[in-house]
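Listed below are the structures to be examined.
Note that chain A is present in both complexes that follow, paired respectively with chain B and with chain C.
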Partner chain A sequence: MLTGIIVYGLVNSSILLLVALGFCLTFGVSRIANFAHGAIYILFGYLMWIFLNWLKIPFLFAILLTLVLSGIFGYVAYYVAVRRVRGIVLSEVVSTFALGVGILEFFRWMGFVTYEFSLPPIKKGSLYILGFPIDYQRLIIILAAIGLVAFLYFFTHYTKLGLSFRAIAQNERTAIALGIDADRVAALSVAFGSAFASVASILVLPLGIISINSGYEALLIAIAVGIVGGLESIPGMILASLVLGFVQIVVGVYVSSAWVMVVYLLAIIVILVVMPSGLLGKFKELEERV
Partner chain B sequence: MRENFLVVENVSKSFGGVKAISNVSFSLSGNSLLGIIGPNGAGKTTLINIITGFIKPDSGRVIFKGDDITGLPGYKIAEKGIARTFQIVRPFLHLPAYKNLIIPLYSKRVKSFRGGRFGDRDTVAIDLLEEVGFERDSSVPYKSASSLPHGYLKRLELARCLALQPELLILDELFSGMSMSEVAATVPIIEKLKAEGLTLIMIEHRLRELFRIADKVIVLNFGEKIAEGKPSEVIENELVKVAYLGAESA
Partner chain C sequence: MLEGKNLIVFFENAIAVNNLSFYVNKGEIVGILGSNGAGKTTLMNTISGLIMDMKLKEERKGGERITVLGQLLFEGKDITDLEPHKRVELGIVLSRERHPVFLESTVEENLRIAACSRRPKESRIGIDFVYSIFPHLKTIRKRRAGFLSGGEQQMLSIGMALMTKPKLILLDEPLLGLSPILQKELVRAIKEIRDDGVTVLITEQFARPILPIIDRGYVMENGMLVMEGKGSELIENPEVKAAYFGV
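This part shows the complex of A and B:
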């Protein structure tokens, strides 16, 4: 039982991290809360499905195409849905949420709601860890979560674009005065956020079917992890994913799986009331206001 | 070109009902140092924000080396070689001091100057910090900007601008908040930069230091230019005495 909780806790935490990472990256860089994040996650799940099943594109090429298109989609979405309302937080949320609902309900209207809509795993089969069976897909999810965090670290520390991301995040006006185009960086941050969402969908969606509801759930996950973790610290996000991921598994085992979703909502409320900047977040805006 | 390095023509800007800048014009020749003085709220920072693209003027033009740069976005103006410090220091708080210079050292502008020198950006950054008075062999250049004393942050602002290899450097109250000895150590740095060919604009409340190094001074009051001339002339100007020096001694 304990091994099971540890293994499935890790898997669940990795899923949460994968789903939330893009949302938090975008917000951390440009303070844009992209409420279309969950819809983008589902959109590229469906597109991947279409590539594989309708267009018969080879698997690896379909992955590549999905990643590239999701990046482009995010970039364009910034200019279409966010740019004109940039800085007006409520309008940003309304605008991106409307975009998200539009995408999700479009697929519902198209009839993409049956169990045939599922993605194949990267690798079929399973193996045993400490006598406990785990399928390759879930193992890949854990490795991918670790890999993506490592990528993010190196990207933001050793590449020009990554450094621009951090500069904009820490002080937008200074970054502009040093020749950084804040608009372009914001668009790129949404692009990266979308690409991360599509990575999550390619890895996580094969565990079940692609459903409209999981788009709304993905947004909830992103918000919960972001708020619990503090939205702009990678260690915070990892910690939040672990806490939420394990609490859910424990609740699922000892209480009831019906309560699993409640964990997100409770966590959001408790954290907002008790420590509004998250477990490891800092209230940077305060310094900014001086 | 040397004559009209920077030309500001009939620039105005209002915030709501407040005329922060009204119809201000001046010009600046290359390799000179212009001082801008005036009481609090006179519009000095607003004028700088207009020149550097952070605020669009309601009317008027800004011409840099013959190009009309009015209303260009700030990052483009920075790329053209106008660097500025902020009156309220704006470091990248969660980066070490020397990493604060990495952003400008990565910029298009600097890359075109430095060719392929890819690996030694950190060294260049430390060199620049040393130039503005960070102790090279101490831990100071490696400390997070959030833990540096204010005087260092002021000099970090300066170093960050220098990293951009600007042609025009605008310093918004660089000396305020610095100790006497820090000011004394910074003045020669500015003189050296000018000797090396840089053109500078300094907004200052520390008139004694400014008047010693400025070639020309303009005086703003309630958004209007009320005087312009050599420091020695400006000191004698009656309007200035009333508006500025009077206000200060009151």
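This part shows the complex of A and C:
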């Protein structure tokens, strides 16, 4: 039982991290809460499905195409949906959420709701770890989560674009004074966020079917992980994914699987009451903010 | 090199810069002296283009209206409506007031971030150049900027501005809040920067430490330039003495 909890806790944590990473990256860099994140996650799941089943594009090429298109989509979405209201937090949320609902309900209206919509796993089959069966897809998810975090670290510390991301995240006006184009960086941060969402959808969606509702759930996951971990700290997000991931599995095993979704909501409320800046967040505590 | 013609900047209910004309020649150190609220920082933001960004954000929010009138010329080119990052490309860079640096990054990372629009090799050369001007920064290069003293942050802030390889560097109150010893050190560095071929425009409240090194100075009051002269002339001027030396 314990092995099962550890293995599936890790898998679940990795899924949460993968789904949330893009949302938190965008917010951490440019303070844009991209509420279309869940919709983008589903949109590129469906696009991937269309590439594979309607257009018969080879698997690897379809992945590449999905990644590139999702980046472009994020970049354009910034200029279309966010730029005009940039800096007004509530309007940003309303505008991106509207975009997200539009995308999701469009697919519902198109009838993308049946069981045939599922993505193939990257590698079929399974193996035993410590006597416990686990399929390759879930292993790949764990590895991908680790890989993506490592990529993010190197990207933000050693590349020019990554450095400008961190500059804008820390002090936008100083960054501007040093010649960094804040609008472009913000658009690129949305682009990266949405590319990360499509990575998550390619890896996570094969575990089940692509459904409209999992788009809303993905947004909830992203917000929960972000708030619990502290929205701009990568270590915080890893910690939050682990905490939420394991708590969910434990709750699922010992209480009831009906309570699994409640974990997110409870965690958000508890964290906001007890430590509003998140577990490892760098936002100032409430009293300091005043 | 830089010329402002009848610059006017007004916020919704205050004129910050009032019909101001000035020029900076290549290779000069030009000082703008003025007390708190004289409009020095607004002028610096106008030259560096930060005001464009502030204006845009206020407009999007429906907040305070900021109006910029007049003309700014840099090397004969009209830059009045240019975005700040394009001005940096042209070679104008601002070290902001109260030295805001990237507090969570180390000193060396700060410098690398500042050079992120340049090629890696140039960035390496730039870092060596900054260390040659501020040898102290090299000894603390692994420290996080948030743990630096005000003087060290100021050096870093100027160093970061230098990383963009500017032709004209704008220093907004670099000596504010520093001890006399550190002020001396910075004044030496500013002179060295000029001797390396970078034109310097500097604002300051307290004229005493910088008057000896400036070639020309303007005195600013309520958004207007009320006096202009060579550094040595300003030192002798009784009004300047009374107002800015605290005599």
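The rule we apply is simple: the second predicted complex is superposed on the first by the 283 of 290 C-alpha atoms of A that agree within 3 Å, B and C clash if a C-alpha of one lies under 4 Å from a C-alpha of the other, contacts with A are read in each partner's own complex, and residues count from 1 in each chain.
FYI, contacts are C-beta pairs under 8 Å (C-beta built on N, C-alpha and C of every residue); 3 or more make two chains touch, one makes a residue touch a chain.
All values derive from a computational prediction rather than experimental measurement.
Chemist: Given the superposition on chain A, are chain B and chain C in a clash or a fit?
Modeler: Verdict on chain A: clash between chain B and chain C.
Chemist: In the overlay, work out which of chain B or chain C sits against more residues of chain A.
Modeler: Tallying touched residues of chain A, the top partner is C.
Chemist: First (chain B), second (chain C), both or neither: which does A:Met275 touch?
Modeler: So A:Met275 meets neither chain B nor chain C here.
Chemist: Mind working out whether A:Arg173 is in touch with chain B, chain C, both or neither, as first, second, both or neither?
Modeler: A:Arg173: touches chain B and chain C.
Chemist: Taking the superposition on A as described, I'd like to know which of chain B and chain C A:Arg84 touches: first, second, both or neither.
Modeler: After superposition on chain A, A:Arg84 lies in contact with chain C alone.
Chemist: Which residues would you name on chain A as touching chain B in one complex and chain C in the other?
Modeler: 160, 163-164, 166-167, 170-171, 173-182
Chemist: Can you list the residues on chain A that touch chain C in the complex?
Modeler: For chain A paired with chain C, touching residues are 84-88, 157, 160-161, 163-164, 166-167, 170-171, 173-182, 282.
Chemist: Which residues, counting only chain B, touch chain A once they are in their complex?
Modeler: 52, 54, 73-75, 78-79, 83-84, 86, 88, 90-95, 102-104, 106-109, 160, 164
Chemist: Under the stated contact criterion, what part of chain C meets chain A in this complex?
Modeler: Checking each residue of chain C against chain A gives 48, 50, 53, 57, 60-61, 83-85, 87-89, 93-96, 100-105, 109, 112-114, 116-117, 120, 160-161, 163-164.
Chemist: For the complex, which residues does chain A have touching chain B?
Modeler: 160, 163-164, 166-167, 170-171, 173-182, 284, 287, 290
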